[in-house]
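Presented below are the structures under discussion, each in the form of structure tokens.
Both complexes shown next keep chain A, but they swap its partner, so chain B is in the first and chain C is in the second.
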Partner chain A sequence: ALIGGLCFQVSAALKEGRVTPTELCRRCLSLIKSTKFLNAYITVAEEAALKQAEESEERYRRGQPLGVLDGIPVAVKDNFNTAGIETTCASNMLKGYISPYNATVVQKLMDQGAVLLGKTNLDEFAMGSGSTDGVFGPVRNPWSYSRQYKEKSVPKSHSEDEESNWVITGGSSGGSAAAVSSFTCFAALGSDTGGSTRNPAAHCGVVGLKPTYGLISRHGLIPLVNSMDVPGILTRCVDDAAVVLGSLAGHDPKDSTTIQDGFKPFELPNLTDVSKLLIGIPKEYHAPGLSSEILALWSKAADLFKNAGAKVIEVSLPHTRYSIVCYHVLCAAEVASNMARFDGLEYGHRSDVNKSTESMYAATRREGFNDVVRGRILSGNYFLLKQNYENYFIKAQKVRRLIANDFVKVFRSGVDILLTPTTLSDAVPYMEFIKEDNRTRSTQDDILTQAANMAGLPAVNVPTALSERGLPVGLQFIGRSFQEKQLLTVAKWFEKQVKFPMIQLEVVKRHHHGVVQHQKSASVS
Partner chain B sequence: QKVTVEVLDHLEHLALVDFRDSEGVERLQKAIQFADQLQEVNTDGVEPMDTVLEDRCLYLREDDVTEGNCTKELLKNAREKVEEYFVAPPGNIPLPKLEERDTFLQGS
Partner chain C sequence: AAARGCGGIWRRAWQRGAGGPTPRGQRAVACNATGGAVPAGKSGLAPWVPVVGLEIHAQISSNSKLFSGSQVQFAAPPNSLVSFFDASLPGTLPVLNRRCVEAAVMTALALNCSINKKSLFDRKHYFYADLPAGYQITQQRVPIAVNGSLSYSLCTNNKMSQMVTKTVRIKQIQLEQDSGKSLHDDTRTQTLVDLNRAGVGLMEVVMEPDMCCGEEAAAAVRELQLILQTLGSSQAVMAEGQLRVDANVSVHHPGEPYGVRTEVKNINSVRFLAKAVDYEIQRQIEELENGGTILNETRAFDSKLGCTIPMRDKEGKQDYRFMPEPNLPPLIVYDAKSLPANMNHQQVVNIDWIHERLPDLPSVKREKLVEQYGILPEHSFTLLNEEGLTEFYENVVKQTKMKPKKVIGWILNDLLSYLKQHSLTVKESPVSSFLLADLLNLLEKKEISSTAAKQVLAELWKGEGKTPLEIVREKKLELIQDQKELEQICQAVIDGQENEVIMRVLG
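Let's turn to the complex of A and B:
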């Protein structure tokens, strides 16, 4: 029952000896095995995890735990370097690549005693919004196997249903979102460049936090877009996100884009009085394609704040609809540059072609990258051609400033937090998702999340309610730069009001005829 | 306007990745079309933005050696090596021209 618990509950249980880190670790590992069909994990570091759990147990025995995260099983997206563990970015280019070092955020988690269970699945090189385009196959949304979803789906033959009806997790941090959502870990790291943490968080019914750019170190995070990437945090509740944030944030001498201001970890207050809050509702986020369900939910949420005494006003972020175009250009340009390091010489896949350096590079990259990655590299190089540089790259950088300024104006006018939907709809079935190509999908799905990356602002998805189809829908809060405490305080208040239901995961064991149910219990047993 | 074969060839050279098939070329055409929407935005007098942290001073650390001496570990991930060298095939040999290369663009 602890398995559905939250960090601070488990932490208390560990301190009091009601459960040991090794028991917890073993339970998670076993659950990973029984939920293998979700394909959330690329690598499970079973031995290393148990060893870490044993070390944690020793610390608890001596009464010297390192902190709240000591002994807590966590998972990390497979685009973060993890020493001694394969890091693939779900690409053939890095299959077999064993990281020689830990990303700073991974090191920080381990310094706090967290137990690293494994690396989670993603879209290849984090390019995508479905977690469907990696070489290890797509990730399945755990909610596809929930009682809530099954009750609402049109009945066909029972087994056919599951195989063809499963829905995507969203992406690109789908593996991490699925891992947290299916209770195989208590927190997971994702990355967020255009919404890659918040999007799967919304579809999987978990909290997905995108911190302010510059707050958390990117050292060891294999880069996609250096000026927008941030490590993302996925947890089952807002308080947990604050705890993980507290252990990760702060200046890193190895990442010169982290700010030098001192960071003090914080506990979230229990907000009771929202009357001093000014919530902004950006009208442009009523984007074409927004489902009427989510629109209604968004409206209900605004009313929730209003009725509790907060001031809620409509605001305008006029350049919102260009954010996705701007991203498209800047992302491709930075990708063209960042992917140039993969040439087979020092790490990763290397082709057998050996005639010349150039032909070896070309063959290596031909063999190592999928269509999506190659497509973005080629587009990026196009936008960076001398004849195009001004009209595409520089132009996009100018539009970026306009987008960032939109937010500055709104926050300057007194708005504390913006409230928007996170996704246009609930999770679609995989069979439907793959009918459109990756770029089209990303364009559609990132529309509500991308602008926050453009402006570097903190944003969080809070699971809000279940859709008509029994699937999670989340809402997004966007805050001021480096005001994570305020952002998460409001998010926590909202989370308390909406009481999002827990997933009733039904794991059918194929060789037994029974149905094993895993239910969350808020209490510890 | 469609992208010319010369430009496509040039891109394959610069990027050292291939378009592979007509779908790849079509993908680029669509990407350009999509990006052209940026022209609708009036950016007169607007400065390009490199980073959201432009108002801050870039952090420079002291020029002290704090880590290194991990040659063995770094060499572990390379396929071709000799002693402490990464081995590359001969350089100074340009990629063959379009007519001689095995690329989809040949015959375009």
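Let's turn to the complex of A and C:
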């Protein structure tokens, strides 16, 4: 049976000496190499990782590991600052940039002995929903190479279609989702502003947790929208998400928006009785474009709760449909502001154009940012102009308040958890995805995840089933503010019921029988 | 034209500086003590009312910056006081410095402001090399304090004896970040950036346009400077840029709306402020009387030429694209009533607590001096205007039997003029309050004459470590009290100069 999740299992194995941190680290590094075609990592910090693993090994040898995460290989999205390891945001602007400090979350992971393998790929500055718009190229969804997908979707000529049929990971934390999904690490950090952790988690069949705004420090996370950004957690099971959450959460004096009250890490109980639960099904999440497959899965999940004795009711979040346009204004405005610092003076790319300071700024920013970033900067500055501020920014802020109030009302009425789909459909092939521009895509893809960011609420994607094409589909649970324990407890119960299948990756199996077996045996009951 | 209040200055001929602007004709525009207009000298011309408002940036006296832990220090090696946040490294966040909030609250209380218990921070965007983040964090929507007032006094007709007290309204006080410094190297066409100052806490004090001439503006700023220094909320040394004054100047005819205003920057002393404002008023009047128009522009004061010149506009018309600062929660300050019981007192700013601990403000100090020592009000101004002079005076008074009223003459006429002549501060005075008291005691006991006392003081300035008594003995300056001895001396003198005495007598 699953006891406390993967991290606890591996931790126990490490303690008992069945495997050493160095072995574990080497296996993961080797897996990263053989799955390089996924493009999940931008930077692999092999040397630093092995050094950390050795230090961890020494602690285990002395019988003094730092905690559950000691010796556990992890990956971090490349928009978190890591001292000594490049932090690029998948942008020309920060290519080669080495931060002098660790983000608080990175520091916390290291303080607990976790081994940082490297930095994962994303959309440039996390602006996107496909992990296709970064300067290092798109991330490939590991499920594209799974037996499950191949059997169902590529019955014809094998080799040729593999190139054109691979599906996207979703984004913008696609690298982290792919890294966890392909066994190259046990947990990864993402960031979540409009769904950037939950969306790729759904497409890659992993757990993706967006904690309550203010629960985890943003210090060192290169911002997209400060008022919505949250560090996200990607793991293979809900228990692991709780473990990582416990190691990251709490007040940070370097981030004034974190909660003042102390946070107590928790272990998730095994829920046996759900009869006291009130699950809300927000009708507005039955959005245009929702695939019939996901709709069916969603109602099946509702039935699952109902049959187990929980009360399931339909609820309304009437302002949901304004969420995307509201988000667009607020996001662009903050992006315009946050990106102003990239002028080529103190750090990052600097253009050779030096006729004047102004021309140098202009060229630096033109060369450093992609079209998506530049487009958002432009529209954001437009929204912030004196003559537009009232009509766009202020209005969007008011709508945001209405959206947040929708949730407040529903939760006040007694609803414990909201159950929704995470995405409209399963992952689409890359060739299809790039037919539409980033803005259209983001608009469609964020539609189900984005309101939770507006309201600052915790939400988690739980991998639920495989689609007809053999690709993962996830459902989302949204909880009350700072009620992560309740949220994850319900998610864990659900995870146990649905028995989401293990990814069957030929390439991984062939070369790395050991580590996969290890992870598999730990995660399958 | 009758010139009252600060009006005297409008009758001064305008001096042309070397290579300076066109000479300004003599003009007789005046404003009186109530700010009203006085007819101009030229016949048939409507009078002009000058209007002056001030925006003052005071650097907060604090060990560390407004939002980061870097040290604040003047003239440190370039870029030696720069934290990751100050350099705007991606991912860094502002953390508000409580000391800066306390300084602002203190200043707001001293300026009779109402304090906003909840104030907000905003981002003001513009691109400039010494603004690393591309925006300044300031308080645009809801500043920490509003609606205050500042009383200041100035003398009329250049006579210390005629002092008028006026009041200027304070619109608001806001907390904001200072920028770094750009140093333009024209020969190598490069700009060097020093970020030591970037992020230092500023209080922007906005004064309503209640002033009407340079002298008023200067007196108001001087008073503010004294208040800040008394509170310790800013060192307020203009030469070191801790107090920066921008003046908004316009002129209009009585009964008409305010004229187009210009903003005068680059003023780095109180004296230059008066000059800059008066020049600008005069310039605008001439411009308008010659049929010209005033542009809403920023002008820099050139202290060498004594005039204001248009500044090159950096980015054309600016739209600062203000936005709420999302990384800082609203700034909440408490009073005794609103302070929650479970709050950590180390982490909150309590208005009442600060109020109880406010030191005597300059106006109160002056009143006390006048009352306690019987000196004239104008003397109390002079005492407070020089740093350390009040303490010096009070120490002398304590150590001597001479009446305070008499002591003040020695302080203002002898000590102060000597210090001024030699550009010394009170602290640097070669004569300590103890020595001066010693000397005055000799005088008071009639052991020396007033003339001898001045001679002794002249010796004391040399700072040779001698006491007044030693000098008196050495120079034989004692007053002779013995009648016989005096007669003998006189006789001896006469005897020695018999011929001359005879000549005189005959003469």
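Just a few scattered comments:
One rule holds for everything that comes next: the second predicted complex is superposed on the first by the 501 of 525 C-alpha atoms of A that agree within 3 Å, B and C clash if a C-alpha of one lies under 4 Å from a C-alpha of the other, contacts with A are read in each partner's own complex, and residues count from 1 in each chain.
Here, a residue touches a chain if its C-beta (ideal position, glycine included) is under 8 Å from a C-beta of that chain, and two chains touch if they have at least 3 such contacts.
Model, not experiment: these values are computed from the prediction.
Within the superposed three-chain arrangement, the count of touched residues of chain A is higher for B, of the candidates chain B and chain C.
Judged by the touch definition given at the top, the superposed model places A:Gln444 against neither chain B nor chain C.
Once chain A of one complex is fitted onto chain A of the other, the partner contacts of A:Glu334 are limited to chain C, with no touch recorded for chain B. Contact with chain B, but none with chain C, is seen for A:Val399 once the two complexes are overlaid on the shared chain. When the shared chain is aligned, no partner comes close enough to touch A:Gln483: not chain B, not chain C.
In the superposed pair of complexes, A:Ser34 makes contact with neither chain B nor chain C.
By the touch criterion defined above, A:Asn92 lies against neither chain B nor chain C after alignment on the C-alpha atoms of chain A. When the two structures are aligned on the shared chain, A:Asn165 is found in touch with neither chain B nor chain C. Legend: residue contacts after superposition of the two complexes on their common chain; A:Ser227 is shown touching both chain B and chain C. With both structures placed on the common chain, the touch criterion links A:Asn381 to chain B and to chain C. Contacts of chain A with chain B, set against its contacts with chain C after fitting on chain A, overlap at residues 100, 227, 253, 256-257, 336, 343, 345-347, 357-358, 361, 381, 385.
The touching residues of chain A, counted against chain C in their complex, run 80-81, 87, 89, 94, 99-101, 103, 218-223, 225-227, 253-257, 333-334, 336-337, 339-343, 345-347, 357-358, 361, 381, 384-386, 389, 393. Those residues of chain B that touch chain A in the complex are listed here as 3, 7, 10-12, 14-20, 23-24, 27-28, 30-32, 34-35, 37-41, 43, 46-53, 56, 58-61, 70, 73-74, 76-80, 86, 88-96.
Considering their complex, residues 97-98, 100, 213-214, 227, 251, 253, 256-260, 319, 322, 325-326, 328-329, 332, 336, 343-348, 350, 354-362, 365-366, 369, 371, 374-375, 377-383, 385, 391-392, 394-402, 404, 437, 439, 443, 455-456, 481 of chain A touch chain B. Those residues of chain C that touch chain A in the shared complex are 84, 87-96, 123, 125, 127, 129, 132-135, 191, 193, 315, 319, 321-323, 326-329.
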